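Two complexes come next, and they have one chain in common, chain A, joined by chain B in the first and chain C in the second.
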Partner chain A sequence: MTQLPARTEKKLGLVIDLDTCVGCHACVTACKGWNDANYGAPLSDQDAYGADPSGTFLNRVHSYEVQPGDAAAQIINFPRSCLHCEDAPCVTVCPTGASYKRSQDGIVLVNEDACIGCGLCAWACPYGARELDRAAGVMKKCTLCVDRIYNDNLPEADREPACVRTCPTHARHFGDLGDPDSDVSKLVAARGGYDLMPEQGTRPTNKYLPPRPKDRPAEISVLAPLLDVKATGLAGWLDRILEKL
Partner chain B sequence: MTHSQPALDTSPPVSDEIRRTTCYMCACRCGINVHLRSGKVAYIEGNRDHPVNKGVLCAKGASGIMQVTAPSRLRAPLRRVGPRGSGAFEEISWHEALQIAVDWLEPLRESAPEKLAFFTGRDQSQSFTSFWAQGFGTPNYAAHGGFCSVNMAAAGIYTIGGAFWEFGQPDWDRTRLFVLFGVAEDHDSNPIKIGIGKLKQRGARIIGVNPVRTGYNGVADDWLGITPGTDGLLILALVHELLQAGRIDLDYLAQFTDAPCLVDAGDGPGRGLLLRDKDGKILVIDRTTGRPAPFDRKGVRPDLGATYRGCRTVFQHMAERYLAPEYGPDAVAARTGITAARIRALAAELAQVAFDQAITLDQPWTDFRGERHQTMTGRPVSFHAMRGVSAHSNGFQTCRALHLLQMILGSVEVPGGFRFKPPYPKPFDAHPVPHARSAPGSPLNGPHLGFPRGPEHLALTPDGAPARIDKAFSWENPMSAHGLMHMVIANAHAGDPYRIDTLFFYMANMAWNSSMNTEAIMGMLTDKDAAGDYKIPHIIYSDAYASEMVAYADLILPDTTYLERHDCISLLDRPICEAEAAADAIRWPVIEPDRDVRGFQSVLVDLANRLQLPGFVDDEGRARYRDYADYIVNHERRPGVGPLMGFRGDGGATGRGAPNPDQIRRYIDNGGFALAHIPDEAQFFKPWNAAYQDWAVGIGLFDTPQPYLFSIWSEPMRRFQLAAEGHGDRQPPDHLRDRLKAVMDPMPIWYAPFGDDAADGYPLHALTQRPMAMYHSWGSQNAWLRQIHGVNPLYVPTRIWAAQGFDEGDWARVTSPNGEITVPVAHMAALNDSTLWTWNAIGKRKGAWALDADAPEATRGFLLNHLISDLLPERGDGLRWSNSDPVTGQAAWFDLRVKIEKVAAPDEAQPVFPPIVSPVGGKGRR
Partner chain C sequence: MHPAPSVIIFTVLSGLGFGLMFFLCLGVIRPLGLDALLMWGLAYGLALAGLVASTFHLGRPMRALRAFTQWRSSWLSREAWASAATLLMAAPLALAAILGGALPAVFGIVTALLCLATVLATSMIYTQIRAVPRWNHWTTPAQFFGFALTGGAILSGQNAAGAQLCVLLAGVIWLAWTIGDGRFAAHGATLKSATGLGGAGSLRQFAPPHTGSNYLLREMIHVVGRKHARRLRALALVCAAVLPAAMLLVLPAALPTTIAVAAIHVTGAFAARWLFFAEAEHVVGLYYGQRQLAATS
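For the complex of A and B:
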């Protein structure tokens, strides 16, 4: 079995704002586009124009309906990708050392040269964040765009994951969650960011920001009529309102 | 094993080259960086410098690579060899294809140019295609606005001189309360998402008014799940509440709107029009003198409460109407499905934010009356609305009602409110009027589309019949500023108002998801007369892809994809400006086509040269333009003003300047776009701001300043009403008089959608929404996007789900007065309890779009279109009544009423149509 590093210098990860995500899937296809042409094997599609199209995606968005007892039903759009856990069970379960967690930044990666496609890691991941590419026969997962974030061939502003760069609502944030002074750590503190399924003991790096409370109209007194229009007629209303000018 | 990790190259080369152009995966027109490797597209991302998307890109845009590799791309010109609708074609050369087109079109131009109907669908080059049609001489030209959102565009332009969508935007950086009505989520895609992101970061409030709580409504702080077609009633109830409480912006109304103008109370032909002086200037009563004065005189203090010789102000008419109890929250609650308490709370919140949280910018400015103001006061309340509001038969008046609400809050063109984007603001009377007079061998007498000021501008023949095949600008829909593309096939088939010879369509899937009553439309396209000839003799179609419509044409002119072509996103057309700047853009061939296809606009230039169309050839008959790129650079609409504003003259001129042969290169070097910032003093109050007006003249938007008042009272509408009352020499047919009197009310009203007339026994509403990750039918051929939206269940609210005893996996028969469909259902609680909905245009015909015949889009996917009639139910009067807004002719898609019942699951969604033969062959695999 493969070991995790004792500690990592940074804890790079994503903060995803569920209050802001409109479920547009921009991150899904930007991720597919970048990773189809970059790190490791392409992300293949099977039966692309047929009855049962299915392809490899490193990031997917699911929309869930929530029905609070005391308010209208709500929709939560939930982007799902690897959480780059500190206690990543997908790494420790790997029989070949292909799955590993980088000591410098905590990114969990698959060394495709060593991957035998056994699928144990996908089975071990409680988040369903790994997909076996059916064409390449190797395990694919979010790389946090490790080939973008340090890439000297990209302008500095573009050295962030493709999903973060493309997100139209700015619901995705990237940074070092190990540094309490980083923007992402401050955002997590300010908005009550939380771990997904903490009971699994995986200690995920990525955090989710919860939706703000909804359907609680602002506490404002209803408007008081200027006067009883029925009693005074239009003329009375007109006199009263034009006094305001 | 102990921790170990491989060495990794974290700085791999990214691409050989980045070419910056403009996206066309929807109508948003974002800037994109196309990364090429070995000459092939490797990756597409947003352009950070671009004014529309500022670097971000949606799911469609980032999937563009699969659009340029899609097997559905047409490969060569096609001539039909089987029966229409079969899909049997043979590939022919461009030489042959163009000759066929000329052989059909040339005799029409010489004898009866109106026998060509040229409608251009999702065209982004309408100023060019209309110029072509004008040169040809046919009155029968329009794009797709009539079945999209003309109510929104026309109501906005007639009321406030601009509209939502590409004409304006909320002041995203300052607004504190944003109210979103019935939005279609692709209009306008990334700017709204960027804006919502900004609001969320600031903690500003978002309120969604929509029967369905998906997408933007999903992140709204409050959701009002309104009953479809009643938005106008809700809005006018808010107006009622605000008026009753006196929480309105009196100063704004007095200065910038027609509220202080006087309505003629006489009995003559001017009754109900606004009083004017002898120079035609609208009059107000000046509070300082108590005397009438032109509205724009320096120092005038318009009196909202004046009465002059028995004539009252618009303000008084407005107060009288909307203070009436019929507009009170209690009166509208049941119909709208929103409780009176909720309506009152929303009114109070609007007032609280607009007036108690007003914002002031220390920015002096001078108004059109010559008065200097030291600051700019803003009302940080903003609104957005699109097709959900406008695609009803009461949509025009509902859109006007929304603009009225904005006006009484004083929140248009102020900090924190709604802001126009150049070339708007632009008063309706600075737009052209319609032109429809054709003559053999001659160009049309002017631009086809425009904004009628009254009956004198209707497009009628001397005997009073509609001059256009779509009956636009006729008494049936006088203000149809975008035409009625959805009526063209039905009218051409019926020979009503006359027969045509050639139907020429570009980029509109009229044989499938873009038509109402799809099955009947397919029948009309293939119907033959007694002699065995098609009733519509010739059909030419241009598209880049093997859409359903391809099968119904006789001649196919295959277009390129968006990465293989020149285009211009022009200020003459549908602009991409921002509130702070004018902007335009180009597309250019970042890759070359690998098939025998040509950009449609270049094909039109070629046809124009062959047909010797005025404007395209000089006096000697020589071609002025080689191709579309040549036209983009060298065409001048007015001296010095052409399709592109940037890099004119010697390359340093913006807006006005001689054609610059190097212009396209300069655009490419600049990232595919040009930008002209509006000066700080001109950023707000633009319709009345002298600095803005001067700037607009400077860059060529206008030739003289065009300040104006907003129109709470629409004089053009009143003129049509006057005609219906018997005034004037252009008179409507008697059967339309009562309808015109009712719907052409000069102040916003609400009336029940016409669909309600036939709703007995059809208790539910049904509508469609666009997924954010798909654009019309285009997404289904995209290998990535169809994995996101490959099926479209009919979503059913809890009340109906329970009543019908539905379970997961069930199917239902849905019936309307027009037909029935049998489709898979799914439960959704976040939904108005009388509304069913599904995703638009996911269902596909077998054989289309190069999908396999067993693709889920063709077996479980479905269209609501089969349930929607292009005509209202017959009334026994022998007349064909269009299922459209009676003001603009906008297709009333969302008036649809249905009933639903559980049925046993069929093999496939019903109805099923025979497969069409794919013009691109086989199983469509790469």
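For the complex of A and C:
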């Protein structure tokens, strides 16, 4: 059913810390690795070792340069994946009901057996979160590792999305953003987490934490006092004479 | 957006077919016998050819029938219902015209309205997409109605009405281009709103997320051919509306006129529809550094 649930019991999602992300792409690789073999059609590659490689990924890491007016430029690494929106436009446009949002936890999923691969959901998503798999002909998207987070066969530490589990700098956090007392909600409140493209009215569940303000180097070098040499003796007398001329 | 031939053929041909069917259902022209077979056959042929072409766009065309299930929320599903209902409802009208017979006038009016509903549903598939600001505007349904009715009037040999509709169509597509060019900026999405970065400073893409191509770049960040947009716009406007209007006013109402005008109009319609896709920018392009100059200045 492609009508959105009026409310969801939980709002599971990710919080991505742009301050600590180092742009290593480990989340991209972990995501690809897990989703190559588990839930749904495997993420395929075309011409993987050839001249024009291309493939399906559910997570991509961009790099942007911020140039403040009065300070040094900063590189920000920016992971981009499905935001599991509350008003997900990808769900309502689907003609077959393959695209749906779960009422229990808010995860947006694709029922690949019902997907006709029309691509309209990918058009409707402002964030480029959906990619049509060329081999399978069906739409692929982040499942929030629905086959990990509830999986009793995995050790408890592994019951979180592969991207979160693998992140070496803990720049990715997983939890219930609908519960104001959850760790992720507290993190968002403390760090000023924000929505991407709020003007699209999608009400994303995932939040991004802004980079912390950087320290500025002091105006005067710490070596400056050492450079302020006072001449003494004959040189000092010459210095004073020449100053007067 | 990628101007996929399947979708261009679908929207142009089915629009023409349902436009012609609208005038046939209303009884504006009343062909009988063999003439009716040809005219209704043309309308059905165009509409069906368009609908068949649309399935070539699917990754899994064998499951296309599932598209009938979500009419409550999806315009694509509503389009499937509207087109199927129109084609079924028009069948008795076509048979009555071909074999001789009469149906209540209200039946024709209802079916004519269904033709318009189908064109509206097709246009709403694009209009509803907020992520493509150029489409997300009333000019999109206006264009689709303009092309369907003008094409229908030309094909049904109504020279006077056709000429008037051509003038209207010229206005509609000119408005759609003029308003459309400012839609992305008016919508307000920038790399800064897309990433939340930059503050008062400037922001640019430093490195792309992948060195090869991907589905997003192929499907939604299509830029090929925009350099010819100006020339194509002139071609589309002249062929779809200006030249047909002049010919319909000057040439006598006869079959050769209809064929010549229709051929020119359809060429213009294809050019305009190609531009409709090729010129439409998706906001996801911002993440890939599209419109960077606009964002930093």
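Note that in this section the second predicted complex is superposed on the first by the 214 of 245 C-alpha atoms of A that agree within 3 Å, B and C clash if a C-alpha of one lies under 4 Å from a C-alpha of the other, contacts with A are read in each partner's own complex, and residues count from 1 in each chain.
Criterion: contacts are C-beta pairs under 8 Å (C-beta built on N, C-alpha and C of every residue); 3 or more make two chains touch, one makes a residue touch a chain.
Quantities reported herein were computed from a predicted structural model and do not represent experimental measurements.
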item	value
Partner chain(s) touched by A:Gln67 [first = chain B, second = chain C, both, neither]	both
Touched partner set for A:Gln200, first chain B, second chain C, both or neither	second
Which partner reaches more residues of chain A (counting touched residues only), chain B or chain C	B
Partner chain(s) touched by A:Ile116 [first = chain B, second = chain C, both, neither]	second
First, second, both or neither for A:Ala231, with chain B first and chain C second	neither
First (chain B), second (chain C), both or neither touched by A:Gly97	both
First, second, both or neither for A:Tyr127, with chain B first and chain C second	second
Partner chain in contact with A:Ala190 - chain B first, chain C second, else both or neither	neither
Set intersection of chain A contacts, chain C complex versus chain B complex	1-3, 28, 52-55, 57, 63, 65, 67, 75-76, 97, 114, 211
Complex interface listing, chain B residues touching chain A	1-6, 8-14, 37, 42-46, 48, 53, 55-63, 65, 71, 185, 189-190, 193-194, 196-198, 200-201, 205, 213-223, 225, 241-242, 244-248, 250-251, 254, 304-305, 316, 319-320, 323, 341-342, 344-349, 351-352, 772-773, 781, 783-788, 790, 828-831, 850-852, 854-856, 859, 923-926
Contact set on chain A toward chain B in their complex	1-6, 17, 19-26, 28-30, 32-34, 37-38, 45, 48-55, 57, 63, 65, 67, 72-77, 97, 100-103, 109, 111, 113-114, 146-147, 149-154, 157, 162, 165-171, 211-212, 214-218, 220-226, 229, 234, 237-242, 244-245
Residues on chain C engaged by chain A in the complex (per definition of touch)	1, 57-61, 63-64, 66-70, 72-77, 80, 125, 128-132, 187-189, 191, 193-210, 212-216, 219-220, 282-284, 287-288
Chain A - residues contacting chain C, complex	1-3, 18, 28, 52-57, 60-69, 75-76, 78, 80, 89, 91-98, 114-120, 122-128, 131-134, 136-139, 194-201, 208, 210-211
